[in-house]
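Dropping the structure in here first, questions after.
Note that the chains are named A, B, C, D and E in the order they appear, and that numbering of residues resets to 1 at the start of each chain.
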Amino acid sequence: MTYEFDFSVLLPFWREFATGVWLTLQLSALATVLGFVLGTLCAIGRADGSPAVKWAVATYVEVIRNTPLLVQIFLVYFGIATLGVHVSANMAAVIALVVNVGAYTCEIVRAGLESVHKAQLEAADCLGLSRVQTYWHVVLRPAVERVYPALTSQYVLLMLASSITSQISAEELTAVANRIQSDTFRSFETYIVVGVLYLLLSFVVRAAFWGFGMVVFVRRRKLGTAL
Amino acid sequence: MHAPVSAKAVVSLSNVHKSFGALKVLDGVSFDVGPGEVTAIIGQSGSGKSTALRCINALETIQEGSIHVCGHAVHDPALDRRALRRDVGIVFQSYNLFPHLTVEQNIMLAPTCVKSMSKAEARELAREVLARVGLEAKAEQYPEQLSGGQQQRVAIARSLAMKPKLMLFDEVTSALDPQLTGEVLKVMESLAAGGMTMILVTHEMAFARRVASTVIYMHQGKVWESGPGSMLDRPQTEELRGFVGSGL
Amino acid sequence: DSLDTIKANKKIRVAIDLGSPPFGMNDSAMQPTGSDVETAKALAADLGYALEIVQVTSPNRVPFLLTGKADMVMASFSINEERKKVIDFSAPYGVIQVVIAAPKNVAITDLKDVVGKRLGTTRGSTNDKEATTQAQGAEMVRYDDDATLITALISGQVNIMASSPQVMAAVNARRPNDPYEVKLVLKTNPYAAGFRKGDDALRKVVDDWIATNLANGKLSKIYETYNGVPLPAEMPK
Amino acid sequence: MPGFSFTHLEFLAWAALWTVGLSVIAFVGGGLLGFVVALARVSASRSLRIAAIVYIQLVQGTPLLILLFLIYFGVAIAGFDAVPAIIAAGAGLTVYSSGFLAEIWRGCIQSVPKTQWEAAECLALTRWQRMTRVVLPQALRLATAPTVGFLVQIVKNTSLASVVGFIELSQAGKLINNSIFEPFTIFIVVAVFYFALCFPLSTWSRSLERKLNVSRR
Amino acid sequence: MHAPVSAKAVVSLSNVHKSFGALKVLDGVSFDVGPGEVTAIIGQSGSGKSTALRCINALETIQEGSIHVCGHAVHDPALDRRALRRDVGIVFQSYNLFPHLTVEQNIMLAPTCVKSMSKAEARELAREVLARVGLEAKAEQYPEQLSGGQQQRVAIARSLAMKPKLMLFDEVTSALDPQLTGEVLKVMESLAAGGMTMILVTHEMAFARRVASTVIYMHQGKVWESGPGSMLDRPQTEELRGFVGSGL
């Protein structure tokens, strides 16, 4: 089988690739931030909440982790519409991604919380700190610091998984690619380009996380410990 | 056997019982500590020394008896723990510094959070207590950059910053080598000299002898013997004799 | 050459997208059906080969063809210049209209009326291309396949469509109370089978078969079965 | 139009078999390859380590869809056009899981304290003996839970094999939807199928984790 | 300052230099240990004691100087490490038992792997060395089921099973409480009495005094003072005086 690769055909579409990349970044950034907040709250709820809260969080995590994202996205997008509320595809995509990644974050952060030594809690307690103060000042930062690599990988996966939102009309990178390859029938070239773009994006996400870690985890920066 | 609760005692335990499940750990412990007194608790591993300290600071709840600390009824389920802890400082064997905060931030945390002190005031206070433990120069360091003895002194400083009326020390030197131990003991000695009421669990017999006004020997969850430091030279019971003799 | 292989194996492998009703889909027994499927069956029967349907999706139908995993594609391929550079097309064997449709209460008489409105379509389809170029200023809402578009139209995520009358029919079957109606016809596109470049012998055979069966009305009949209307007398170019 | 019927359920059940089959292939293949990559990742040779890092980064940074596509069709372009889809999909999923498993296992191997390596070294064990007799048995205990956890991801990710023509659970769901347009019923049923496959695995992984945590205390 | 390398020395360090990056840890260390001698190394934390031991066992490579151990030229890049380690046993502060193996399996591992001993022989050997450390009864237990002192004794037994000519001990008692320390010291004393050549890094001054034929005081990466155990009673240098005096 001989196939003549011709990437030049894709050149006129650079603007579309760029908008696709941009939307992918926006979707994943938003989902990352909100998903982290949701997941962390759930993790705290699971570690320290009432039995009802613990049960609710556990159910949420299990249901999400054991069903495919695609199905979740469909249910959010069409489900909300059936309720008579109209949200844009991007909004639905973000909601679905947040709900999804929130469950994974919850699991990861929970592991981090558990790794914070009980003695640390006792020390904070003995200094008279309240529960909220203890979480905020003593528990959360070291917990997240410890699971930061796992979180980073999870959010890279989230970025890659955001490609599924093309199915509900979000015009992110994969959607753009499918449109371009349908226009030109240059499937191989398109997929190779998209593969490379995703690879670059995943480096961007990792770099962003690394940079953020440097800012937040001051100690690591000062002591030069790798994240 | 036990003197009536002295009105001016800072700490007063009376017939305290504490079990973990089936395991009886404190079996009717009673003792008082007056203001400015330094009490050393000694005893074999597992005799309930740490548990006694933890009960005094309400880290464990007791099943029977009463504990009064600085006017707080610790055995009372309605106890205001945060108020108690403003009066009591505790330092553990394992330092328990917060690894993600600098020395100064470790010390400033409780005053700003609990006493709503301003950052500037808290920083000044931090410098002051650090000076007392001889570590002004380390304010900007992170705990892992310090030696064990220095970490332990920071832990003491962190407790001091809350200006407690009572300090509890649980084997604060047993993770340290002799030299580092010396540094920490020096700080504790100066606290004792400054009139701080202290209870310390320790393996350093010589130190107990030197600074403690009272030594309590615990055995099998009971106060087996107690008296002034010199009691160690003339043990009354077989057990204490064995204990004092076992060290090299 | 592919024709030789087909002859040797007595089997022709046709790639069909079963996600684009009524051209390719599954019936209630999950058997392939639709006008492309029936056309392929007729073609294979007339040529005297067994038919193997290679199921493809819209993103992978061209790679399947190009890498020799199918001998030809019948997946309502509209013909355009860009695509011609990559594959060869047969003569057209059907047409597909690009229409803009909406429920009765939506007033659309002119392309200007859709400016600023959300227009649902299937990503990468000819409908998408036509609507995007003609209805400048409309907001295109693109779904991965017809089925998702139909679901979106039924559930009300969008209420104007730029697609084929066939899709509209599928939607209306699901919402009889407030049916969609054709507001504008953007274009009538012929569609054709696709071949690897240089597979001229096979293409010639298929072209001949198409000519014969357009003339004898067989193709039009198949088309009418699934689309409700016959083929136009004259195939547009 | 006919609604969701028993025929459809049967169709989904057959598709679920493919999902299971692909998962098994991915897991066995990915496990073997991933083990080799993990060993390379912690090997004494710098160039092997770097090669392993690059491999892992590449695999983890490329969406599985693209990976499958490029392997299936790329192999064909390279001249092997007779490769069946099952092999290509198996290869793609193998590569994908090996990248992730290698990283999981590397973490487990490296979390065996360095002092254990040293102790073994001081007993005059060879590097291979140290690895097989001291480090791997300990790493294995740490690795079971996250490995089973990853299995769940593989099961869900086989859905992308539709790009090379597989009709597994997700694709079957879509096909049925194309025919009867009842997305809710269908996708909820599909979700239930996945849940039935995945939930036992995650539960197992969790119980393993709990057991190991207890014995580590 | 340094006596010429004695032909019959088991260990002989000569002008050993070792840095970690910019940090000079060993700065020209020289000493000899003759057969059957027990040498105790003491000194402040960070003075390079552990590093010296690790260099002797080729866990670290040195930058300058020579180390001869049981006839192996340890400083030589072509050193056969496995042969060296068949002659040298080392026990660490943190025991480092293999948690996934029973006590017996821990001990049998090296003899079967390295000396190709049969399982039965190795098991016999394991029982024998366990008896020497007084733990015959624990053969089937897993390390986590043992106390710290017992774990440490198993670690010693594990090394003994290789019948080394030289044993190195790095602060083997400093993770233990006084009572457990006693058990381990007893084992070490009996080894010394049995004529084993040993080098031990220790904080137990009293023990060093009692069993060591030579005491080496390290300071800032140098052998600062050395001599018989009695040297501790008459320190020659300010530093050693401070060090000995700092303990209580």
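By definition in this document, a contact is a pair of C-beta atoms (placed from the backbone, for glycine too) under 8 Å apart; a residue touches a chain by one contact, two chains touch by 3 or more.
Being a predicted model, the structure only gives us computed values, none of them experimental.
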item	value
Minimal step count in the chain contact network, subunit C to subunit E	2
Chain at maximum distance from subunit B, centres defined as averaged CA atoms	C
Superposition of subunit B upon subunit E: rotation angle, C-alpha, nearest 5 degrees	175
Geometric centre distance via CA averages, subunit E-subunit B, whole Å	36
Subunit A and subunit E: spacing of chain centres that average the CA atoms, whole Å	51
Mean-CA-position distance for subunit C and subunit B (Å)	82
Numbers and ranges of subunit B residues touching at least 2 other chains	none
Subunit A, residues touching no fewer than two other chains	1, 3, 78, 82, 187-188
Multi-chain contact sites of subunit D, meaning residues that touch two or more partners	69, 73, 76-77, 81, 183
Chains touching one another, given as label pairs in label order	A-B, A-C, A-D, B-E, C-D, D-E
List of subunit D residues in touch with subunit A within their complex	58, 60-67, 69-70, 73-74, 76-77, 79, 81, 103, 152, 156, 159, 170, 183-184, 187-188, 190-191, 194-195, 198-199, 202
Subunit C contact footprint on subunit D (complex, rising order)	1-2, 5, 7-8, 11, 69, 72-73, 76-77, 81, 162-165, 167, 171, 174-181, 183
Parts of subunit C lying in touch with subunit D, wherever the complex brings them together	18-21, 25-30, 54-57, 59-60, 63-64, 66-69, 145-147, 150-151, 154, 170, 173-174
Subunit D contact footprint on subunit E (complex, rising order)	57, 59, 81-83, 85-86, 88-90, 92, 94, 96-101, 109-110, 113-114, 144, 158-159, 162
Subunit B-touching residues of subunit E, taken from the complex the two chains share	44-45, 174, 177-179, 182, 185, 203-207, 243, 246-248
